[in-house]
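In the two complexes below, chain A is the common chain; its partner is chain B in one and chain C in the other.
And then the complex of A and B:
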């Protein structure tokens, strides 16, 4: 870890007075503690607690900040989302489908490919840190840079991708950003390229926490490479795998910039994701009531997926 | 982090040479991957240095024969519709201010949570940690209205302050403070130092590595943030670089020299930070995952 050598288990102080009596006069009053907490707690309350609760309140209204009256509509915004024929039903579920597809296509790749790369890097050899840093590098660039760069590279006429496919004798006129299924191939591919390093370094840290003695023992027992992977590596990585899958699903559900810049939602609104639709409805068209309701529905969907994921891991573990 | 030591090779005559031979396929794969990761970035740089008419010529010129500064001079020249230099300054100001705000507020709260006793402490900690699992978009509508009611829409305050409420910094620093030996503080308390003095003179100097990690991660996150600034920054002169780049692309559609120059400009600060603080970034990312 990046910490100094002094590693000590956290010592829990007994509550209240200690045996040595007034050993810590500065703590006599909790006022000091509250003063230390105050700046962060102010931020936390205003920008985290209030918005979550306020959002629920907004979702029960027809809320347009430009209008003086914001009528209470009860559950109507939620009912609209499950009523075929309402103005929001079709586009909202279309955008949910886009987010769902993106998650379904990208998560398996972002779970498996970084694991393979981490396994390649998890040995002693010259240049190991160089490779690790290189694969991580795109991740430190923002989605805006990645987006404009790949929109150029994937341009059907002047982009390098089609050019090099052509030199390999493959089709050189693929409409990467304007037609299906290519738009999804592009968005998923770019996202894998961009964020793969993040999962790789998490896997690497996990791999280094596996006791080398376990591998030696497996070797002594005559286990081959694949058996060692299945019986030592995978079980050792369980918590890390769960973390990687959870975080990757969450990140996929938040997908916005890639389709906003690269495909611009095309073709039609096929690649317009849920979070984009919500932000647009709420913050461009000021239909904040429906937008707030949608964000809670998306959060609920995400919570269900995460719970299923956790349950699956527990089930497999027992 | 403890590097795993090289284990003894099997005693069947395979020395360094055998080891090297077995690594060749891996090396080949890794070199190929390196190319996949680096080539697009080099193409961005290369395109940004070409005269516009050369950017879409095939076969591709990786090393521009005619170097041209027209892309950079276009984006750096003040233009009221696309003041790229202003966006760059805005991003610098916003990310720096955001980072300072995170460091101050998170370290103070983390210290109180790690070392002090006060009514409500456990409840506060649980609530703060629980919010780590709430996806960001849940705050979107509410925060927009709050920022609007403060009169912060279309100002840098909108991209500096709300993001600093995230619980990661507090959680991350608290973990580290808990690992520091208690004796130092106790000795100082006996000597009559107060909590603020201990915090400033003992705790913070011992925490340079985690503070650097948090600073770098906060700066990068803020520098790259896209969705929120797209919706809260509206007029051309108040944008940060990410929403600015999207606008630049719309304005210069096929003038790739200009668009790629914008991309390079936005990449330089983060790549410099990455080059120097790589260890903090990578270890911060990998450890935050495991301790969670």
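And then the complex of A and C:
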């Protein structure tokens, strides 16, 4: 069969040779690699690359997809974002501030609490699977479900939370969802309760990947529990931590549903996040030019944060 | 034909680009709309239909208790008309105005639908809906058949875009048990400022916070607009170039709302719908809310309640109201027969809107409102009393967006006692002026 392969057209020859073990795979046609990547590349181009480039094009226009005229405005949409007094300047940066605050408050909690839970759930004890399922359970609910649920529970005047606080003799008039800082306490708390299951599962997988022999060796060397955590567990979790932190920052920066449903942006527009404002401008008011420009500013900010994050881990790694 | 085809081809490329662009963000919209004048003239203006069998897709946002009533009307129509079959699809209002334009542009959306009156100019300017002047003239519909404000608010650029179905005003709901508890006559709800304040004061002395003031659009924003009209003000000037809600009328309106909170007639920090929950629990007595609450409240056993026109707090009567209007979509590649059939359906339902009134609405058509069937309803005629003085925003594209970007957060902050009413309104008016100017530029360029 191999000799027959030699007489076939040149394109097919390397494959025949490889199959017979005559040549190294590196000599295979370079097309093979592209062929394997083609399905992903096609999807990537259609759904990421083209929209990203097209979005830049939109951001240079006053763009309503249904209006026949889409005037070219050059960099005006970007200039507006740095000119105090423009219609987008104040609300956009206010929404960026809200997103920034939420990320700052929620990420540390979402990185640390799931880690503690994962450490506990990694031990051997009765009913472990029940607790694993319990901690993960809220994550399967949609944002609309948890949003409406907590809006009822946290209602300052007719909600259950204040009612029970009152029966315990505590203040029963805390404005959980209508005033600062309570609105942030509520939004962060609800989000931690809702999504900690995801990070916990990732941590659990990471913990189970650490070689038990390392713990045994540390014990033999006389390390106590804390020392084992710092010198075995944490280094073992390093790649997992990087992943968890990066993904959590991005997820928190994308927050929209919780404040849209629970606080409705109140008080004023204090809890109206960037994604919400951008979606409102672009998809509800059809001002897609400014909305596109704002998306790129937000994307740039997130890229910088992620870069800093990676750089920090690399530095610590050395 | 040739022109239409080349337009279609050009659009396909744009569609593709936009589809790709929108896939991630969840929108997929197409380029500009085609010529709509031929479609607008299709059929006999809704008197009758004698074309081939067609099926129509009818979209609306009646996701609540009002949905089954409209479905019943659709079913009745289907059983009477041989050649037209209508299928109804409900989409939450929240996303309706985002979905309909893209669906219509893709040529796969509804043939006709319902839109709120303040959305008509925006959708007309964006080429989403067709002008319906020939429906009005063929059916001999005129201003005197309807409440004048609702009839006139459906006109944009000298063309009519909506056939009014109903009007849904804000009214005063009162909880009879709570009133009795405070020693008030449960059968005579206060209608003047003095009576209203006296009732609130009396309840306060009995430890009842009688009027829970919402800081959100529902119902705080609607309350503000009602009071603004009562004090003789308007949201915007007539040609929608300037905000006027920061006038002394606006300041009086918002100050009254804030005083209700500060004087302890309302708790602070009222969250969304808390006033409704409190009303159902008998924790308050008065609630300014929309007519659409009639049926939900009726369904609650043992709740003793009534409804009245809003009390007059300002120098004249006034009330916020919305209105549902029939529209026909400017669907790409639309079959003129479907447009003709849609007009027949609209005319049919419009004449039977007393059935629709049962869903908790006031019919826009005078003849229906004067009918025995309507007058025999318990609460709807009470809300109908407000029609002579309800008002709408000027017919201007993008007008609803201006409110969201300016007045909405201002009312919120004032009622939550974070800002003084006058300062909040002043700041909001500055923003609104800019947004109004931007809208003028955007829609005039088009």
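Just so we're on the same page, the second predicted complex is superposed on the first by the 270 of 318 C-alpha atoms of A that agree within 3 Å, B and C clash if a C-alpha of one lies under 4 Å from a C-alpha of the other, contacts with A are read in each partner's own complex, and residues count from 1 in each chain.
Operating definition for what follows: contacts are C-beta pairs under 8 Å (C-beta built on N, C-alpha and C of every residue); 3 or more make two chains touch, one makes a residue touch a chain.
Model, not experiment: these values are computed from the prediction.
Undergrad: First (chain B), second (chain C), both or neither: which does A:269 touch?
TA: After superposing on A, A:269 lies in contact with chain C but is clear of chain B.
Undergrad: Have a look at where A:257 lands relative to chain B and chain C in the superposition and call it first, second, both or neither.
TA: In the superposition, A:257 touches chain B alone.
Undergrad: Applying the document's definition of touch, where does A:68 land relative to chain B and chain C: first, second, both, or neither?
TA: It touches chain C, and chain B stays clear.
Undergrad: For A:47, using the defined touch cut-off, is the partner it touches chain B, chain C, both, or neither? Pick first, second, both or neither.
TA: A:47: touches chain B and chain C.
Undergrad: Could you tell me if A:104 is touching chain B, chain C, both of them or neither one (first, second, both, neither)?
TA: neither
Undergrad: According to the stated criteria, A:39 is in contact with first (chain B), second (chain C), both, or neither; which is it?
TA: In the superposition, A:39 touches chain B alone.
Undergrad: Taking the superposition on A as described, I'd like to know which of chain B and chain C A:82 touches: first, second, both or neither.
TA: In the superposition, A:82 contacts neither chain B nor chain C.
Undergrad: Between chain B (first) and chain C (second), which does A:55 come into contact with in this model arrangement: first, second, both, or neither?
TA: The answer is both, since A:55 touches chain B and chain C.
Undergrad: Based on the superposed arrangement, let me know which partner A:312 touches: chain B (first), chain C (second), both, or neither?
TA: A:312 sits against neither chain B nor chain C.
Undergrad: For the overlaid complexes, name the partner, chain B or chain C, with more touching residues on chain A.
TA: Counting contacted residues of chain A, the larger count belongs to B.
Undergrad: Where on chain A do chain B and chain C both make contact?
TA: 46-48, 50-51, 54-55, 58, 65, 151, 157-158, 279, 282-284
Undergrad: Enumerate the contact residues on chain A facing chain C in the complex.
TA: It comes out as residues 46-48, 50-51, 54-55, 58, 62, 64-69, 71, 87, 91, 151, 154-159, 173, 175, 177-179, 264-269, 279-280, 282-287.
Undergrad: Using the touch rule from the top, collect the residues of chain B that touch chain A in their complex.
TA: 1-4, 6-7, 23, 26-27, 29-30, 33-34, 36-38, 40-41, 43-44, 47, 55-56, 58-60, 104-106, 108-109, 111-113, 116-119, 121, 124, 127-128, 131, 134-146, 148, 161-162, 164-167, 170, 176, 178-182, 186, 189-190, 193-196, 198-199, 206, 209-210, 213, 220, 223-227, 230-232, 241-243, 245-246, 248-249, 254, 256, 259-260, 262-263, 266-267, 270-271, 273-274, 278-287, 289-290, 292
Undergrad: Per the contact definition, I'd like the list of chain C residues that touch chain A in the complex.
TA: Per the touch definition, chain C meets chain A at residues 17-18, 20-27, 29-33, 97-98, 101, 105, 125-128, 212, 215-216, 267-272, 274, 277-278, 281, 283, 398, 401, 404-405, 409-410, 412-413, 416, 418-419, 431, 434-435, 438, 441-443, 445-446.
Undergrad: Per the contact definition, I'd like the list of chain A residues that touch chain B in the complex.
TA: Residues in contact with chain B: 1-4, 6-8, 10-11, 13, 15-16, 23-27, 30, 32-34, 36-37, 39-41, 43-44, 46-55, 58, 65, 117, 120-121, 123-125, 127, 131-138, 140-145, 147-153, 157-158, 160, 163, 193, 198, 201-202, 204-206, 208-209, 212, 216, 239-240, 243-244, 247, 250, 253-254, 256-257, 260-261, 275, 278-279, 282-284, 288, 291-292, 295-296, 298-299, 302.
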